[in-house]
Amino acid sequence: MIQVTVLAISDLTIQHRKTMIVQNIEMSVDEGDWFALVGESGSGKSVTAAAIGGLLPRELKAASGSILLDGKNLVNLKERELRKYRGTVISYIFQDYQGAFTPFMKIGAQLDEMLRTHTNHSKKERKERALHSLKLVELPEERVYNSYSFQLSGGQLQRAAIAMAMILEPKLLIADEPTTALDSMTAANILQLMADLKEKAGCAVFFITHDLRHVRKYANKVAIMRNGVIVESGMKSNVFHQPKHEYTKALFEAIPSLRKTSARLSSHL
Amino acid sequence: MIHRSRARIAVIVTLAILAFILILAPYIAPFDPTQVKMEERLKPISMEHLLGTDHLGRDVFSRILTGAQTTVGASFLILFISLLVGVPFGLLSGYLGGKIDRIFMRIVDAFMTFPDYIVAIILSGFLGPGMFNLVLAIVMVKWVGYARLARSVVLTEKQKDYISMAKINGMSSLNILRRHMIPHVTGNVMVLATLDIGKIILMIASLSYIGLGAQPPAPEWGAMLNEAKGFFYNAPQLMLIPGLSIMMVVLIFNLLGDYLRDHFDVKNQKG
Amino acid sequence: MRVVGQEILTVKNLSKEYVCGHKAVDQVSLTVNKGECLGIVGESGSGKSTLARCLLALEKIDEGEILLKEKSLYNANKKSLHPVRSEIQAVFQNPSASLNPKLKIIDSLMEPLDFQRKIQPSFLMDIRNQRTKMAERLFEMVGLPSKYLSYYPHELSGGQKQRVIIARAISIEPALIILDEPTASLDVSIQAKILNLLKDLQEDLGISYLFISHDLAAVNFMSQRIIVMKQGQIVDQCSKHDLFSDRRHPYTKDLLHVFEA
Amino acid sequence: MKQIGKRLLELCLFLFLLSIISFVFMKAAPGDPVRYMLNIDDVAISNEQIESLREELGFNDPVYIQYWNWLIRFFQFDLGDSFMTKQPVIEELASKIPATLTLTFSSMVVMMLIAVPLGTLAALYKNQWIDHASRIFALIGASVPSFWLGLLFIQFFSVELGVLPSMGSDGFFHLIMPSLTLGIAMAAVYVRLLRSSLLESLGQDFIRSARARGLSPKRIFIYHTFRHCLTPVITIFGVSLGSLLGGTVIIEVLFSYPGVGKLVVEAIIRRDYPIIQGYVLFMGLFVVIINLLVDLSYRYLNPEIRLKGADRQ
């Protein structure tokens, strides 16, 4: 089946006053992809993710290049236009699950608010869809619908955030380190959930992480980023088995692996 | 970074001038501030009387200088005592915690629920008008703020790992307080103190204005404003000059306070 | 390479209950031998950090006993706790929180040596009274240029700060260092260097480690023996070589599955 | 509801303590109250007269009896008589309280009219000219003695233009200058607090998530940002209402505005203790009510407190 390109970023540069945060990056994400953008802190991966949905803080701006979504360049869209894409075509989940929901509004109310903003379904229809979306992420839908965020655990909150993100069946789900703040067990379940939802909805996942171990199991494409530049990218199998760039090799060797027990880790970075 | 060093020089220079006036006021004042000369009443600004004379013929310039000593001097005294009482109290209560801390919090809450002006007025009411009673009243109001600040700084730092590290090294509580807590507390207290001086000066002036602070003929800025009330028509400058002096001094300290707060925030944020 | 025999740390049926009745640490017993690294792996809430704080006498324990070089650490009163206590040091997860932002690096580094005059670390004997020289040597041992001694913590990176903390931990040549998630907040490349440094220091100075982390791979890399904790209890214990044997506890197998992928 | 009950109990205890303190203060105050009572009218008085009055008023009874009697009379709204006017303190206060409350309320309105728009704009347009303007306004406002500002108003409006009355309080015009003076002074403090709490709310993670969901800026501001910063704003408002009351004392004296503040200052100068004591209790009651209202707003605004029963941050 021909690959429909969902997102195509070309020659994107983002600046903070004079300093370059991200320099002429190229990447493209097709329907059904799990595209992993890997980089250490300060590599500019989160800034790239934010730029896609136009969520850059005021002092950062996309100096040049284009972000094509379904053929439309988002960079020069006005805020009012871009807003229509957020939540419907592009949706986000963040590392800090506490910050996904407004603390003094019930989870159900926030789901309802989003549906009211982007659709004109009736109240009953909205409630059904909200409950259904919570069911999809394996949460006790009635209880979660009527509770506040401080009444849920970290794992539950992140699941509810995924439900919120997937409720309008976006084309692109941007996940900025969604499991970093979770236990390894809960994290594994969340990643599995995201993979299942991706298959069902057929959307693309743009996955930001600093941990290559998550990438090995779920991603099909990967890009390695360092100091605002993409040093290597391609299909996961190629990059994992024959890494070309020095930095990529060093990253792989720096991870303590369970199987081969070496006396020292390579750390010539 | 020039902006910062330029601001620092400006601040130091103004402080020096202020200190100079405060200490040397009685000597550089051309006339005796309380000496009444009815024939010299309500003179306009002249070479002889730089700021004219008031309704009793006293030289306004001399009164402003010596007035500075009362108003600003008293507020430094209040600040000093409040710090001396408040900071140790807050440090111990914050560090030791437990019952002492709970009792302390009850006292602070009681003080804090009342607006400081009201407490100062009532206290000086019971103690009776007069500068000494006013100073005492304001100290009783102000010390709580510093105790609370010291306590909150200690509480936040107490949980930090470097305090656990110090405990692991077997350092005594006293050593921990002295070596680790004091630097944090001094930073924050300095900022609060500079911002507070302005408030204290205003409080002294206001309470003296309504007759609770300095009693005539003391040359206190607030009291001078009260005396000038009757002479709007013929000598408006009598009312302008003390007001302006209060405003300038308070403005200087508020500017200094803002500067210190930004300076210390930078250090705190990074730390 | 491992020196068998002399037991540095012995913990017997240690329990710690929080006021809400939740048993944070439940009947934990373990031993650490000289020059050995014992690993403890567990999710957050498994009680591994509470155990560490109990061993460091930062928190009281409800039951059980802690022996450090056969001397009891727990039921000693404050005064006699002191000599035993200097035998144990710690490295925590967040390097920025372990250094007082208002003190220069050299003052934080030399704090243990400044406040425990009686201690004579073997590798600093010749310069015990020259504070700056000692600081420079300690920095050499952890691979930091001595110009950082006069810096303030906010001028250093996470990895550099963690090296300062490690230098401080080894400065009084303790018998045991408790490492509670020492590299969790560092990037992969920096984590590798820090783990290598810890291994080098263990070989050079023969200090025993208690390496605590949620990352089974890091624990496996550092330790000879591994303990798995869940809800305050030790659910599994094995030497590193038979980590993959099928006698492992199901929870350990789940962890293996997650980290091995 | 349990915490509110606890809070109410706490506040009643506080009031009770307050009455004891003010009673003790009255006893410990220097000067002989009986002597003040008598020689107010500059009439020569013999010692016997003072002695007989002392006996009659029960000043010679043991302290706790005096306090007990005082407490009983207190619950019958009898706070004794003012030394100066011989009128019952309750009536003296009751006649003046409405004036002070109107002044406080109108100053509060002035404060809100200035501080809320300026503070909000300063936060929304950070580091632009409106923000710097608000910073300068706050700096000047905090440096100008409020009573001096009043004097300038009198000088300008009454003396020069003769437009506004500078004395008394029968009518709207008498209210303008005092409330303007006090309102502006308070606005200067409130503007910066409002700005920082709004900035803090704007920076919250859940605001970024709301934006990522494609909600409209207007909706985000009203239902999310503003609602979040309401809690700190109300706390600051509660505190500033207290210091607003403090300010009224000075302003009432300045504009000889016949409120409770002016009364208490005269009472202090004339050592009229019953009035002072009555004022302390009135203030205590007023502050207690404000605290209770602020507490209730916490429970309403912050579900976490309502459900978990955690007391105020």
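Letters A, B, C and D name the chains as they come in the text, with residue numbers starting at 1 for each one.
As a working rule, a contact is a pair of C-beta atoms (placed from the backbone, for glycine too) under 8 Å apart; a residue touches a chain by one contact, two chains touch by 3 or more.
The structure displayed is predicted, hence computed values, not measured ones.
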Enumerate, in label order, the chains that touch subunit B and subunit C alike. none
Most C-beta contact pairs, which chains? B-D
Averaging over Cα atoms per chain, report the distance between subunit A and subunit B in Å. 54
What's the distance between the Cα centroids of subunit B and subunit D, rounded to whole Å? 22
Compute the distance, rounded to whole Å, between the mean C-alpha positions of subunit C and subunit D. 56
Dump the list of chain pairs that touch, please. A-C, A-D, B-C, B-D
Across the complex, what residues on subunit B touch subunit C? 160-162, 164-171, 175, 179-180, 183-184, 187, 267-268, 270-271
For subunit A, which residues are in contact with subunit D within the complex? 53, 55, 83-88, 91-92, 94, 96, 98-105, 113-114, 117-118, 148, 150-151, 161, 164
Can you tell me which positions in subunit A touch subunit C when the two form their complex? 40-41, 183-185, 187-188, 210-213, 216-217, 250-251, 253-259, 261-267, 269
Any idea which subunit B residues touch subunit D in the complex? 110, 113-118, 121-122, 124-129, 198, 202, 205-206, 209-212, 222, 225, 229, 232-233, 236, 239, 242-243, 246-248, 250-251, 254-255, 258
Subunit C residues touching subunit A - in the complex, by the definition given at the top: 43-45, 187-189, 191-193, 195-196, 199, 214-218, 220-221, 240, 243-244, 254-261
